[in-house]
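The following blocks contain the structures, represented as structure tokens.
Okay, so subunit A shows up in both of these, paired with subunit B first and subunit C after.
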Partner chain A sequence: MVVPDDIRETLKSVAALSETTDSLGEDDNLFDKGLDSFGSVQLMLALEERYNIEFPDNLLNRRSFSTIRIIVETVSKLTVSAAA
Partner chain B sequence: MDQLLALEPTSGPRSLLDRLFDQGLLVRTGVDGLYGRSGDFESVVEAVDRIATRLGAADRAESLRFPPGMSRPAFERSGYLKGFPNLAGTIHCFCGNDADHARLLACIEAGADWTGGQAASEIVLTPAACYPLYPVAAARGALPEPGLLFDLQSYCFRHEPSLEPTRMQMFRMREYVRMGSPDQVLAFRELWLERGTAMMRELGLPIAVDPANDPFFGRAGRMLANNQRAQGLKFELNVPVNSEDKPTACLSFNYHQDHFGTIWDIRQADGEVAHTACVGFGLERITLALLRHHGLDIKAWPAAVRDRLWG
Partner chain C sequence: MNAVAVRAKRVAAVAALHADDVDREARFPAEAVVALKTERLLGMQIPLQFGGESASLSQIAEVCFTLAQACSAAAMVFAMHQIKVASLVSHGLDSGWHCGLMEKVTREQLLFASATTEGGIGGDLRNSLCAVETVGDVFHFSKDATVISYGAHADVILATGRRHPDAASSDQVLVALLKGQMSLERTSTWDTLGMRGTCSDGFKLEARDVPVAQILPKPFAEIAAQSMLASSHLLWSSVWFGIASHALDRARAYVQGEARRRPGQVPPGALRLAEAANELQAMKGTILAALRRYEAAQGNADELGSIGFAVMLNNVKTTISDKAVDIVQRALGIVGLSGYKNGTPFSLGRPLRDVLSAPLMINNDRILANTANLLLVQKGGAQLLSA
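Now for the complex of A and B:
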């Protein structure tokens, strides 16, 4: 099961967010908090490695990485799919 | 020379590229996307360049011209390799001694690979005319309150061999680059969307302005491309040249947000990170669009088009 704190841990690997990760709310927009396009790519790769998943093309967009809550939901679905 | 002769097609329908060669407008070099240009071709390139100058004259941009190579450390810092590692071109040179020289010549004599001993120089090929500008602007300190506007033109390199004449590996890009607040640079982009559209219409070309994305590399690149489109950061002015289905981007209008401002620590007068935007004219592409739509004999082009270019 994927929980917000796991995602916060992964966010620490993204330079733009590493300092503020612990104070981020689940619905805070990460792009408003400093995440940029290259940072979102770093985040995608870090999530894929940590959870052994692959984001499909239709999820390769800003919305998929915009809040901790959305990331939790998305990664949860992908880990279930990967395990099925 | 043998290689050039071997590339001469002997039969089949004549593509636009073939016809450009037949007419002598482009000259084969043996490498796809690397061509010589005739005097007629250059006269069109120069005329389009002059129009771009006239359109922007009232803005009093600072004109700068850089050679088609830039500092490798600056290139590395620019982030180009994050998005386009496949398009980059580095300049490698022989840095060896007499023995290395002898080995190099022996390799050539034997038809073996001689490039293994080449070492990366401090220069890389310029990928876009504005790339050498940012460190230069940053070194001047904070922007003045009205921001800055630059006028650039450079040969650029992108490693993407192609038989489409519009996809050259070495080509010229004319650019205006604006640095300032988000409002300042977005107003600049809007202005040039209007100017560029009017310019191409006056040249008698069928155009469409479309949202676009840069050709970012790989899976990560798909996400960067989606983000760029979703945010409306790039528009291209397209003209059918090679085909109606895949028109060619002849001008592009780009809002970089604070990407280059952050990388190079370019500050606005109030200390905030500067935003940047640019308009790029693909000089060869516009020339090819004119040749495609008005014919390969430039003396027979419509009088209004000739007048606009050379009047």
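Now for the complex of A and C:
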């Protein structure tokens, strides 16, 4: 089970968001809050490591990492398919 | 030859007449821009419903290529204009004011310029210090723009700034400022090795009481990712490809002249010409494949925003800019002193100085560092005939 606070915890490892992570709403656009392409790659790597998943190429786009809610959904799907 | 290519050729003929003077005096290629307006090419990208031609990026790239063979600066001005218009067309359709602006572009053939570079930030497109200050229905905007290419000659400037004075440096919007709405105070002069006619001076830009409707509704992050990145790299590359083609044309003419003077012998430069022609063909293949992939991805935000797509575009920019310099230098090697000297039919000084800007316009090292980061997560397994 992936919950928003776990994602917030992971977001703290991204330098551009570390200061503002706790105040982020689930639907705030992370790219508007300072996430850039470098940060989004670092975030993907941190999520892959933490949840032992791999993002397939078709999910490596801005939308997959645009809000905490979308990240929760994406990671949940990938953890389910990894367990299956 | 299609109609757009014919119109572009007519503009190129005008641009060629003035290219040396534009370069020598570091002046705006005014005659070429008037010709672009006469041929109505400044509005070619605007959708049909606003009076334009809904031209594809490939058609615009063709014009960039044609102009670059005559005058690199005129070609780069046209490319930069179209990159800004691409942002308007891709992201302005939901805004009445911006739809009106599109009509105005075709009706009056307005020239667009860009103010993204800023003192204290440099060329980092995705960060701003300056901010939009909204007061009721209007906003004030002030920017220390260390570069606004042909800013003094533009009818419209699209400028980046933070959404409001408390916003993060990357929380940016793009505002459209019309000539009569802003003041520009020159802070630096563009006196450079090449690309002298782009007149990329620095300015202090000030605008007051501008209607908030002129702020593009989409966040600049989205505009940069979905239209600017692709249109910049593809149109700049088409300009550099044009410069390289022009240089190789001169080298070919030189070798053919040598061959005619000494029948029965293959001139020594012919082998070098064959090598350079090989490189030019590879360059063309790279640009065409990228243009096709971009056009196939239209309307597919996921594909346009994907890591694989960004890597592809980064690679186009670094590859084409390096190859263009290489080819012009090879051409100079083939032509020899007739190319080194100004004022001969084989002179290559101006194209060489112009093309040396290519690896520096967003430094290739910066782009490679970005690609290196993206490659940390990209997966393999692509197919030959698909992305």
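Rule of thumb we're sticking to: the second predicted complex is superposed on the first by the 84 of 84 C-alpha atoms of A that agree within 3 Å, B and C clash if a C-alpha of one lies under 4 Å from a C-alpha of the other, contacts with A are read in each partner's own complex, and residues count from 1 in each chain.
Assume a residue touches a chain if its C-beta (ideal position, glycine included) is under 8 Å from a C-beta of that chain, and two chains touch if they have at least 3 such contacts.
Computed from a predicted structure; not experimentally measured.
Participant: Between subunit B and subunit C, positioned on subunit A by superposition, is the outcome a clash or a fit?
Facilitator: clash
Participant: When the two structures are overlaid on chain A, which partner does A:57 contact: first (subunit B), second (subunit C), both, or neither?
Facilitator: both
Participant: Counting residues of subunit A in contact, which comes out ahead: subunit B or subunit C?
Facilitator: Partner touching more subunit A residues in the overlay: C.
Participant: On the A-aligned overlay, A:29 touches which partner chain: subunit B = first, subunit C = second, or both, or neither?
Facilitator: Second partner only, subunit C.
Participant: Of the two partner chains, subunit B (first) and subunit C (second), which one does A:37 touch, if any: first, second, both, or neither?
Facilitator: both
Participant: With the two structures laid over each other on chain A, which partner does A:45 touch: subunit B (first), subunit C (second), both, or neither?
Facilitator: In the superposed model, A:45 contacts both subunit B and subunit C.
Participant: To test your reading of the overlay: subunit C has the stretches 45-53, 207-215 or 279-287, and exactly one clashes with subunit B. Name it.
Facilitator: Here subunit C runs into subunit B along 279-287, and the other listed stretches stay clear.
Participant: Taking the contacts subunit A makes with subunit B in one complex and with subunit C in the other, which residues are shared?
Facilitator: Residues 36-38, 41, 44-45, 57, 60-62 of subunit A touch both subunit B and subunit C.
Participant: Residue numbers of subunit B touching subunit A in their complex, please.
Facilitator: Contact set of subunit B toward subunit A: 79, 82, 219-220, 222-224, 226-228, 230-231, 259.
Participant: Which bits of subunit A are touching subunit B when the two form their complex?
Facilitator: Touch residues, subunit A against subunit B: 36-38, 40-41, 44-45, 57, 60-62.
Participant: Once bound in the complex, which stretches of subunit C touch subunit A?
Facilitator: 126, 168-171, 219, 221-222, 225, 301-303, 305-308, 310, 370, 373-374, 376-379, 381
Participant: What does subunit A use to touch subunit C in their complex?
Facilitator: Where subunit A meets subunit C, its residues are 16, 20, 29, 31-38, 41, 44-45, 48, 54-58, 60-63.
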